[in-house]
């Protein structure tokens, strides 16, 4: 009998250690996963997932469940069933909010494929088509923004959002904003920092563009040949200094 | 005799050893063994007799430490029954030998040998020795799945003897074994006794018990009914048995001679050898293959 | 002490031999088929999708196979020894009961480790083949930035060294499940019962973090039975969500080794506690 008592003591001792430790690990996990560690699933999600998927997700196989749903997304795309695609994509990103790929492509599907398809093929009047198309683009923005919240440390989603503003909405200022954010993230392709400048120029913000090019120039002591394309930047700076009539003492290049 | 002395000469000493089992689903207890006092001296061969359900296995399990007593104590060579010390001094042959059947004869011995604390060359030579003793050298590489009942019994005996224990507990050692095998086992037991080992075994086969034991105890429904040496228990006190070599005398002559000496209550018959002996003698010598016609 | 360890090692090795001779490893062939079959099934996807699917499939297959073995292994082995009475013979030798429990566990863990290693190699092989097929289509000099990025991208998917971290975490999770299975086998005799209870704990474990949070937050307002139930879950059941970092690693996000090591430490300590408790309870068990 005394063995069972000892066993109980061990269990109690362990639970005193275990619970705070688990709480700490959960916090750490939250920090690492930017709060996207959604342990419980909402009833709504459970209902839409169905039994098999729910079981898989409970068993720690969210990836598989998400992948299967993603295949459905692809087939919805092929069949041009945009609303269904959107619903499915929502479930996928809820299951695996930390997989950049899903946000990227969900956004792409609705902002480009859906909106273009609606423009071309929905038999509405031109005005209605535009409204409809715009709606899908906004959903794309929504995906990108939510994705950025879930995965703030990677450049890709910022880049895609910037591209969306630039290509589909012609809002170069917003594009510049997001390009800049993207360029600051670890692993960002080197060309992104230049896109900021280009976007500012396209937005007609010459002074801001000039200041930006100068900021870039000053961010490095060396200006030799390389991927950062200093020669082009130099050209830009010179051009703006002339155009904007910058006072000589404030110029970088004086000839 | 002081307590220490008495403990020292006894291989097993049980005082008031009892076991109750709680029955599932209903209230109540099953008294498997009523308080038992038992003493087995060193070098003795002791038989535990009794019908099924009499408490023989329970007693063995208590001595082995597989069960904890509800009351009372038991010691093996002075150490508490079931303790590491006690178990290192005894060997156990279970009824219906249960061994990992996916291992070969050799591997089983090696496994149990290691668990008994043997290793290396000592273990290997001991294994060979014992395989020789129980006549399983040829089958030592086959898995136990392929062994017959008799072979399993023999490997069981071998594993019980691995670490040369001073006490052997044998649970129905010859149950289901053919007469030849039984004879072999009996010979081994007698040999061990000669070497000073103590042996306690339980059996239904009363004739065999009679052949080897010094003392026996009879159990029934958890109670010890009788205990004592075979001489004490079985000798008919007021009769004599005489065997005479047939030197030409006939029955009548002997009767007359005895009558003259005042003995009238006389029974005369031709002695019979035991069927077992006859059976074994009828078999071809070991190693001979059956003749093909 | 040394003798104790030797006895544990003997029992562990014997357990491993037993399961190997029962051809448990054949189940790996099933795994192999699933992996290879699965990889050919995914042809119409982008390489990113392909690799993600492959990796998720691989990990799920390894995880499921390992979990099945962990569940069935202990559930079958220990009751069988008790039923077939081989345990009686074993315990007639100078062997301590806890040595039996720990030895059995280590034998099982050895099997699982072996299986994991083989499956991981197979998995790596499939990834390597996929990588080869993917890059074989890329001709010409890798001069342009785009091409270089593409190749880099493919390789980062297929040759991620962090995948080893994920494997370590899967191993740790399986170690805990096995320990729980061993625990139930020391107190129960029916194989089905043991499998079911272990599975139950497995699922509850994935919800333990929720139970814990609810219990801590709502303690004052909740009813007593609810409190007790949640408290029991929080105290006794492991938090399997800890292993969610595996998803992160597979998704390609960076997780420092420190975090994985912490989870490993938690798992090992959990296993130790479960084994101690199992041994203590087993001491009293009537045979």
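Chains: A, B and C, in written order; residue numbering restarts at 1 for each.
What we mean here is this: a contact is a pair of C-beta atoms (placed from the backbone, for glycine too) under 8 Å apart; a residue touches a chain by one contact, two chains touch by 3 or more.
Since the model is a prediction, treat every value here as computed from it, not as a measurement.
*Asks:* Chain touch graph shape: choose line, ring, star, complete or other and state it.
*Replies:* Basically the chains just string along in a line.
*Asks:* Determine the chain that sits nearest the middle of the structure, using the mean of its CA atoms as its centre.
*Replies:* Ranked by how close its C-alpha centre lies to the overall one, first comes C.
*Asks:* Distance between subunit B and subunit C based on Cα centroids, please, to the nearest Å.
*Replies:* Centre-to-centre distance between subunit B and subunit C: 48 Å.
*Asks:* Counting in whole Å, what is the centre-to-centre distance of subunit A and subunit C, each centre being its mean C-alpha position?
*Replies:* Spacing between the chain centres: roughly 33 Å.
*Asks:* How many angstrom between the C-alpha centroids of subunit B and subunit A?
*Replies:* Computed from C-alpha means, the inter-chain centre distance equals 81 Å.
*Asks:* Residues of subunit C touching 2+ other chains?
*Replies:* Residues 284 of subunit C touch two or more partner chains.
*Asks:* Contact residues on subunit C for subunit A in the complex?
*Replies:* The touching residues are 45, 48-49, 52-53, 55-57, 59-60, 63, 145, 149, 173, 202-203, 206-210, 212, 234-236, 239-248, 250-253, 255, 259, 262-263, 266, 269-270, 273, 276-277, 280-281, 283-284.
*Asks:* Which part of subunit A faces subunit C closely enough to touch in the complex?
*Replies:* 1, 3-4, 6-7, 10-12, 14-15, 17-19, 21-23, 25-26, 28-29, 32-33, 37, 39-40, 58-64, 66-67, 70, 74, 96, 98-101, 151, 189
*Asks:* Can you check the complex and tell me which residues of subunit B touch subunit C?
*Replies:* 21, 61, 64-68, 84-85, 87-88, 90-92, 94, 96-100, 102-103, 111-112, 114-117, 119, 156, 159, 169
*Asks:* Quick one: in the complex, what on subunit C touches subunit B?
*Replies:* These residues of subunit C touch subunit B: 3, 6-7, 10-11, 14, 17-18, 21-22, 84-86, 88-96, 284, 286-287.
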